[in-house]
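Structures for review follow.
Both of the next two complexes hold chain A, though its partner changes from chain B to chain C.
Now for the complex of A and B:
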């Protein structure tokens, strides 16, 4: 099959993408522009005052705590991405190569967990991790003392919840990517004397890279906006960006500030993705050149 | 001057237009129609929408009341302030927000004389002119439920006397054992009072700095900032939270309703001449330019009538006091105990009435900053 590369100026392509472009423009760009406009307005007596002022942006850039929360969010999101990828790689590899007979069962289980309401799962974790919860009860029965673990309402619990809720995204992306790898390539590597690890490192991992990137991007974007995990499992004392924005909109009723913080998160998220995308593109290009 | 609102297209006007068009079409071929019930929209907290409360009103007045539940007072206010008030007839929310709605042009002012019979049924503390709901002598809404904000404690773990002040919040012995309710300004006000500052007065930089310090100290002992009542109550029951701060009787009565008499909400003793408790109240107001002014007044009167007051006090999620003195005799002893009715006037005497604090935005910003810096 021959893949025909089309220019973005191709009239047929433009026409085909027109409906999606129109939908995106209407439901994404216009609200985004309105959010940007909102950030230049003011509030008085908890009501929006239509004026033009940069006070909100001055507020954003002169208050360290907004940035500390944003940095915490970015850090947590990046750690979450790394953990999700590290966990998903062996799981996906095992699903494709080691437990193929159970592949469908595992897939169904993951889908089932994925489709279960996040609120339900998150509150379930509270009952599990609580000082008087299931985990401590089990550890106590094994002789580890009455409160062997105390991670509920800590950033560790937040991370646990984030990884648990977002893991299916990386598992499925990497699994699909690995499943498409030609098994003959791996067999050839084994025939050439490569160990399992070297085969994984030099064949499987590079060829699974698109899935890893796709999963990582999905998890990163979703992790930037997590709300339930830091609030419910983290105990709210280490707020992340979504909670900061909620507090600003709802509790402080400061919509311009909430809009400005939303834009900051969007810009930082987009910039991070652009840098990651560029790095991935260069890595792929370098790998392709080295094999030529 | 023409009211700017008259130029706006809103849901009601669209519905009116649609209804008129349909009506005109119907006149062409149909001679008569059954009488249609009046549609109303009611924004309220959970509990106000109980079928046992709204069904009798709907039946008596041939009305359909569509309910839109509030999840937080500020959010409800913001929704109405953003233009949503055009779509609603009646609103029940926290009293400082209802009080704001009159001067903000969201709610109609009420004529106290029209509600004289209702006020007669109230405890003297809530009778007209009722200052917390007044602005320049005009009243916005009627009080519907109330309670107090003070430490909520489990007496299986702590003596009530321990919480005669907020000192344990800052005691290293209580590190990681305090739960702060994430309910807007409720946890801030008691802490300001503990610091010797009346948060309901205009505050200067020095006072705001003091509030910052006390919140910083509070967060050192805070295990969790919880918005969800069930998580807070569970922690209190199993002892992982030794006190809930910023919740008060709202957190208590549903547990006491289930027989957990060892759960109490109390008000600390006055400190440095300042009362340490907060009286919170919910109120019900009529939205500006409602299509159904008379029916809206009827709904407000219905919500504060003695029989409905008992229903409103005793809901699935929370149980709270009501301003209706006439309702008191209708409560059973068990209900009175769950509501801590024997303590309510002591709590009242030891408390400030929660109202619009002049520096609330500063205090909320400080709360947000100190929370961000706490971990």
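Now for the complex of A and C:
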């Protein structure tokens, strides 16, 4: 395919890019700038006051309470990333190499589950895990005590919900990158006497690294903003950042504080992306040099 | 040789086992909802006591269900149309053209994808409140539509970009040589060629918008869609109406996914046909 150079006077280019750019600038970039500006305002009697002060930021950095929630959010997000990647590796590998005749059907099954309304699925988990739910009902029918599991409304349930809702992202990223790997490389490794595990470790895993990276980053960023899972499955007992931010806006009606906390999360997310992007860039560069 | 064999067995167990486990995992809550929707009792406890479809009637008789369904349909319909149109133009500009500030354009049109949705919603809500103060309006369904467009367009753009990537441009040149204008080339040649990608982007966008909770929750004001209706319902107390609603909403998703698969197969067949012809 030929790449065409276009100048900004070209009507086709203007038609294709300007409306999109305008919408993103007006409803995405300006709100972000707005949020930053708002964090420097004050609040009194539930009303916003336009004063330029850094009181809110002092407040944010001196209250351990906010940071304990932010640290919990980060920890949960990191655990979620590790679990998602660990589960996705064998699943994607099997989808590419083992169940090839069923590959499309499995993809469709996962996509369907993924695209079903998240609120309803989370509610489905509550019904499944509840004391009187499916899990305990089935287990007691098999003769395991009246209440075999009781993890609902604990952080474990929150984590289960997060992995459930975010797993498809890592599966698809890793699946797509594994699918692109040249099979001949693996066959060559087998011919040279390498075992399956060694081939996986030394050929498949390094070559699938871009997909693993992309999936992990996507899951991390999305996990920073989860609201539904801690609320519905965690029972609101150990709130995460999104719940804190929502409460600050809706219950405490403290917009500057809410804006500041939103920014903290956005900065953490963006910083992670930047560091990961840099690391990925270095890794590909190093790999390119080593093959030369 | 035995070492290889045991290794093969272990690998097989891990691989097949993980696929089976993940599929079961994905369908646990979905089947739970379907089972409970046919419960006789009003309490959601297992094993269910009797079979009935009365909760479906209760759902259809509910006064809040129909407006929520209507709002969901309007929201998903309008934002899908706009997001897919914008995404088509954006994808062509991403993949086929080179222009100044292309990098900035790519970042701006892609960035919302990497944002936690609730934070995206909150930031937009702040902006709409300021605008609302200036122009005297309050958040309603149309502000949610704008939110959905910002959130969904990057997804649509990427799906179409994949289709644009394998594009054969000799047909375009032929049409241009035959004297077609740029617009005619786009309408008669380019669009039909990337149409499968556009359609799957539209279906994906529709489903994303239809099931979206976070953005709608922040931006729709008092207007309820199906996900926010369910959320406020289960916050008050659970009732078998919600499993029934879940089962009802699986139907359009299933149909759309079948449609998407049909488009994909047809496109694949066409590509095979094109190869055979050459």
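Here is the rule we use: the second predicted complex is superposed on the first by the 251 of 292 C-alpha atoms of A that agree within 3 Å, B and C clash if a C-alpha of one lies under 4 Å from a C-alpha of the other, contacts with A are read in each partner's own complex, and residues count from 1 in each chain.
The rule is short, and it goes like this: a residue touches a chain if its C-beta (ideal position, glycine included) is under 8 Å from a C-beta of that chain, and two chains touch if they have at least 3 such contacts.
In this text, all values refer to a predicted model and were calculated from it rather than measured experimentally.
Novice: Identify the partner contact of A:132: answer first if only chain B is touched, second if only chain C is, both if each is, neither if none is.
Specialist: After superposition on chain A, A:132 lies in contact with both partners, chain B and chain C.
Novice: For A:30, select first, second, both or neither according to whether it touches chain B, chain C, the two together, or no partner.
Specialist: In the superposed model, A:30 contacts chain C only, not chain B.
Novice: Scan A:142 for contacts with chain B and chain C and give back first, second, both or neither.
Specialist: Touch status of A:142: no partner.
Novice: Looking at the overlay, what does A:153 touch: chain B (first), chain C (second), both, or neither?
Specialist: First partner only.
Novice: Between chain C and chain B, which one touches more residues of chain A when both complexes sit on the common chain A?
Specialist: Of chain B and chain C, more residues of chain A lie in contact with C.
Novice: Would you check which partner chain A:192 touches, where first means chain B only, second means chain C only, and both and neither mean what they say?
Specialist: In the superposition, A:192 contacts neither chain B nor chain C.
Novice: Which holds for A:63: it touches chain B only (first), chain C only (second), both, or neither?
Specialist: first
Novice: Have a look at where A:239 lands relative to chain B and chain C in the superposition and call it first, second, both or neither.
Specialist: In the superposed model, A:239 contacts chain B only, not chain C.
Novice: Determine, under the contact definition given at the top, whether A:253 touches first (chain B), second (chain C), both, or neither.
Specialist: first
Novice: So which bits of chain A does chain B touch that chain C touches too?
Specialist: Of chain A, residues 123, 126, 130, 132, 232, 249, 255 contact chain B in one complex and chain C in the other.
Novice: Can you list the chain B residues touching chain A in their complex?
Specialist: My answer: residues 72, 74-75, 77-78, 81-82, 100, 103-104, 182, 184, 219, 222-228, 231, 234, 238, 240, 361, 364-365, 368-369, 371-375.
Novice: Inside the complex, what are the residues of chain A that reach chain B?
Specialist: Touch list, chain A to chain B: 45-48, 63, 65-66, 68-69, 123, 126, 130-132, 153, 155, 231-232, 235-239, 244, 247-255.
Novice: Quick check: in the complex, which residue numbers of chain A touch chain C?
Specialist: These residues of chain A touch chain C: 1-8, 10-13, 15-17, 19-21, 23-25, 27-32, 34-35, 38, 87, 90-91, 93-95, 97-99, 104, 106, 108-128, 130, 132-134, 136-138, 141, 164, 167, 171, 195-197, 217-218, 221-222, 224-228, 232, 242, 245-246, 249, 255, 258-259, 262, 265-266, 269, 273.
Novice: Which of the residues in chain C end up touching chain A in this complex?
Specialist: Checking each residue of chain C against chain A gives 3-4, 7-8, 11-12, 14-16, 18-19, 22-23, 25-30, 32-33, 35-36, 43-47, 86-87, 89-90, 92-93, 95-100, 105, 108-109, 111-112, 114-120, 122-127, 130, 146-147, 149-150, 153, 165-169, 182, 186, 204, 207-208, 210-211, 213-214, 226-228, 230-231, 234, 238, 242-243, 245-246, 249-250, 253-254, 257, 261.
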